[in-house]
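Each of the next two complexes has chain A plus one other chain: chain B in the first, chain C in the second.
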Partner chain A sequence: MNRINAGVMLLALLAMAFQAPLAHAHNLRKKGETVTVADSTLSVTPGRDWNRLSGKAGKNVETWTLDGGQLNDLTFFGGIVPGKPLVKERHKKKAPLPKFRKVTLLVELPELLEGTYRTYKNIGTFRLISTNPIKFLGQDGVTFTYEYTDQDQITRKGEATAAIVAGKLYMVSFDAPRLHYFERTIADVRALVATATL
Partner chain B sequence: MNWLLLAGALSALSAIPAAAQKAAVPPPYAGVYQPQGVDEIGWWRQDDEDERTLAASPLVIRDEKLTGYIRNVLCATVGTGRCASARVYVIREPVFNASMSPNGTLRVFSGLLLRMRNEAELGAVLGHEFGHFERRHSLNLFRTQRSGTDLLAWSGLLASMAPSYNVIRVYRDLQWSVYGHLFRYGRDQEREADALGVGYLNQSSLPPQAAAAMWQNLMAELEASAKARGLRKPNFKTVAFTASHPPEGERAATLAGLALPDGSGRDNRAAQYRAALAPWLPLLLEDQIKLNDFGGSDYLIQNLAADGWTADLWFARAELYRTRGNQRDFANAIQFYGNAISLSGALPAAYRGLGLALTKTGRLIEGQAALQKYLQLSPDASDAKMISMMVPGAMRNE
Partner chain C sequence: MSPEWGALKMKTLKGIVFAIGLALLAATPAAAQERSARKQGFELATGSGKRILVFRPSVSVGSQSTGGMFEPNGDWTEKATTNIRVSLERLQSRLGNSVVAAPEAYGDDAQRLQEHMALFAAVSQAVIEYQFFRGNRLPTKKRDNKNDVFDWSLGTGVASLPGAQDADYGLFIYNRDAYGSTGRKILQVLALLGPGIAVKSGEHAGYAGLVDLKTGDLLWLNADGAMGGDVRDAGGSEKRVRQLLEEFPGADLKPAQ
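Right, the complex of A and B next:
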């Protein structure tokens, strides 16, 4: 990299850093208080305190964490409409993401998440471990587990639960490093998912 | 190190001056080399550290046979005396990329293996990288590289200040220990590496014309990818290898001109390449088709099928069409799954995809039959319970 470009990159990084207000509040989500999530009617009652991160990966997406997004990432997808991707695309044309569609079947939702992760992160190491039926939001849903290695070399485990209600996709996913962090919190996450209503 | 080309470069290929100078025979290799001087010693130390991280990375494909094969291709290209100084690591990432760092770490990305069609093309890429290594191009860039390291420190600090998803990603992109440092070689260095790369091939038993052919193929893929996305021209920045280097028309012509004309009759060892990659092809294809790059993936599959369609290729193409998910795609996918099944009965996933595609086009009864077959062939599949809910009576048959 030459010096000029290094300078340009540094300027770009500075611009990014100061564009985002530093005092962006992460909100506390208190134990036992029912809240709606992801700008939708999806509501959950957490069994412990969580932090809601201010950054949004997409229009109807919201992320909670305990120790930071890289250590435990609980993401709610609240009513993704047909024709839309799970998270916001970096560039609609140049870097398109797989879309949720009207004809998408429950059993294909793991593939949708897999395709989104692989495309967004540009990784090859993603593995679906299990896909099973479950009741979610009072409907037939799907719960699935997966594992992937990100560019930061940490292998993460994930578990997601999803259902399609009135043509919209509702999903809760939890990703955490396979070592320690996933097992530590997954029981809390499952309890939280069980409280989800529309 | 950048195999980046312009659309316009291709037209230049046909207009090579007949009297173009052929690549000179590479100079004799000095043998085991130890870094000289404070800059090189420091650079190697950092590189050794990176290699330790790389060697322990979960992203490295640990298959002795595959790694050994790539090594043999490198040895066949640059000669056995030279190749002893390289250590090959195959990284599982579906991109066109390869690099060789100063201490002899040769990184080969899995996406490169999918795109090469024979040993000569692979040798052309490896030889080019080896040329940078042999001429110690990165050492000349060490000073600018140091300013890059400052940048890394700064970006880490700034990323932690701005908690947005994208900034964190940018920071991660700057973690190069596994992926290799970003070398931006100058034109003269690229020219030198091109000359050396083709020079090795000229001297080897592989056809040196492969360098230009490989280039042409990559260009066509990028164009197919851009076209399917409705873009006017390919976005070179999306390809790791080409992002750091502006496309040059001059280069393609030079490459073709450097090749010994009478080398074109040599065996490019395509059959051996296919055989060596065969165990990995399904995985490489899967990684590619799940990248949501319809145009590029379809081009690659058809290109691989130029020597004959196999069940793996039909299956990959079917999955590609089904996951794009337009109604017309399902019709094509159904046909492709059928082709895969007729070539190999032992592909349970083909019955799964066929069943899903049939279901989505309203052919429920046929779809259920296909899913039933999937469950029979693969009763312990990770999604067996989910699929069996779509097949009335499936539980009873288990």
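Right, the complex of A and C next:
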């Protein structure tokens, strides 16, 4: 009898352990301090304090925020290798993500991001606003802006800057609600992107 | 089956039910975290002469499928919208200051109001996730907290919302209720009994916030992901609206004697 009760209690304790909120540790990224990001050699020097979120969307992906990912999302993609998607696939069969390929061109990167968002964020509307050449990481790169409406009914604006170096994709994207949040921080983001080196 | 075996089974069953109850109790971390905050230095005395503009609450009610997807229910949403509006009308006279209902919005105005309401919900979720939940605070917000700073905003776009020109503060109310389907409830029990994984059945999010209509700054917020009161009936809605407006600055919402 006691053994049964002990088993039941153990079950309850185990269930409770699973429910305990995981210990998160978001880290401070201090103004003026150069740091490497996304488990890569990509480094940036922020012009203001940021928070690095503890969760990771992929092996070489890292997200920073000021007020939470839903309000400002600065994501670094540090050297995505050919054959891999931008972020980790949740379901390889049910929801496959487009892959970065050896033959992917700079002008095709907006499409890669769009395809990734459509599946990963499950969104219906995505509009590419502009695509322009830019120097990034000392190479010819691309910068593009876009807008999409998320599941939470908020229209977000985004701006991404990318370059392909030694066959790997390096990209920094910033997404925020078009109301207030995007305009408030985009200048800081552009200044940060300009400090990026490998 | 011997009586001993029957009794043993009964006791085990009771134990399992107790275990589930205990685990469910532990599954409500919201109880241990903050629910309400006020911007530093913001005071609103009763009868201050300030005007509060009440925007039409955003209400969506549906069910949660076995897989956890939200499935809207038009009938429930309609009932809840009416119930909440009636409760709010009854209680808003006791908010302690002059309260005006926002004019009906059409076309672009309606679209802008809807987008601000969605932004208010996103900001509320960020406050719950990154400020109210102490263990998950963002380092930059943590330092703010040492000075008791509550610094969140919807931006100056609120100044152009219908009715905003004639008021000082805007009251945003957002409700989203997803009632767990039978399949979801069965999954909840099975997941707990089997691998011991907690599966949440149902979602009852309610946020009420007072916003400065010039700056867009959030002055007061009451937000919880696990609200009480079944919004599909009148009594439950009254409970919900009371809970939403709990600790509203300058208000006296105690039930009338």
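The rule is short, and it goes like this: the second predicted complex is superposed on the first by the 177 of 198 C-alpha atoms of A that agree within 3 Å, B and C clash if a C-alpha of one lies under 4 Å from a C-alpha of the other, contacts with A are read in each partner's own complex, and residues count from 1 in each chain.
As a working rule, contacts are C-beta pairs under 8 Å (C-beta built on N, C-alpha and C of every residue); 3 or more make two chains touch, one makes a residue touch a chain.
Not measured: the values here are computed from a predicted model.
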Practice task
Go through the superposed model and pick first if A:Arg184 touches only chain B, second if only chain C, both, or neither.
Solution key: second
Exercise for the section: Would you mind checking which one, chain B or chain C, touches more residues on chain A? Expected result: B
Exercise for the section: Once the structures are superposed on A, label A:Arg101 by its partner contacts, choosing first (chain B), second (chain C), both or neither. Expected result: first
Exercise for the section: Give one of first, second, both or neither to describe whether A:Thr155 is in contact with chain B, with chain C, with both, or with none. Expected result: both
Practice task
Once the structures are superposed on A, label A:Gly55 by its partner contacts, choosing first (chain B), second (chain C), both or neither.
Solution key: first
Exercise for the section: Classify the contacts of A:Ile129 with the two partner chains as first (chain B alone), second (chain C alone), both, or neither. Expected result: first
Practice task
Tell me which partner A:Asn27 touches in the superposition: chain B (first), chain C (second), both or neither.
Solution key: second
Fill in the blank from the handout: Footprint intersection on chain A (chain B / chain C) at 1, 5, 9, 14, 16, 18-20, 24, 26, 70, 152-153, 155
Problem - chain B residues within the chain A interface of the complex - result: 53, 57-59, 92-95, 110-111, 144-145, 147-148, 150-151, 154-155, 158-159, 161-168, 170, 172-173, 175, 178-179, 182, 184, 229-231, 235, 238, 244, 287, 290-293, 323, 325, 327, 356, 359-360, 382-383, 385-387, 389-390
Handout entry: Interface residues, chain C side, partner chain A - complex
Key = 8, 11-12, 15-16, 18-20, 22-23, 26-27, 29, 114-116, 118-119, 121-123, 125-126, 129-130, 133, 135-141, 152-157, 192-193, 196-198, 216
Completion exercise
Residue set of chain A touching chain C in the complex reads 1, 4-5, 8-9, 11-12, 14-16, 18-21, 23-24, 26-28, 49-51, 65-68, 70-71, 152-155, 177, 179-181, 184
Exercise for the section: Write out the stretch or stretches of chain A touching chain B in their complex. Expected result: 1-3, 5-6, 9-10, 13-14, 16-20, 22, 24, 26, 53-55, 57, 69-70, 90, 93-99, 101, 103-108, 110-111, 114-115, 118-119, 122-126, 128-133, 140, 142, 144, 149-153, 155
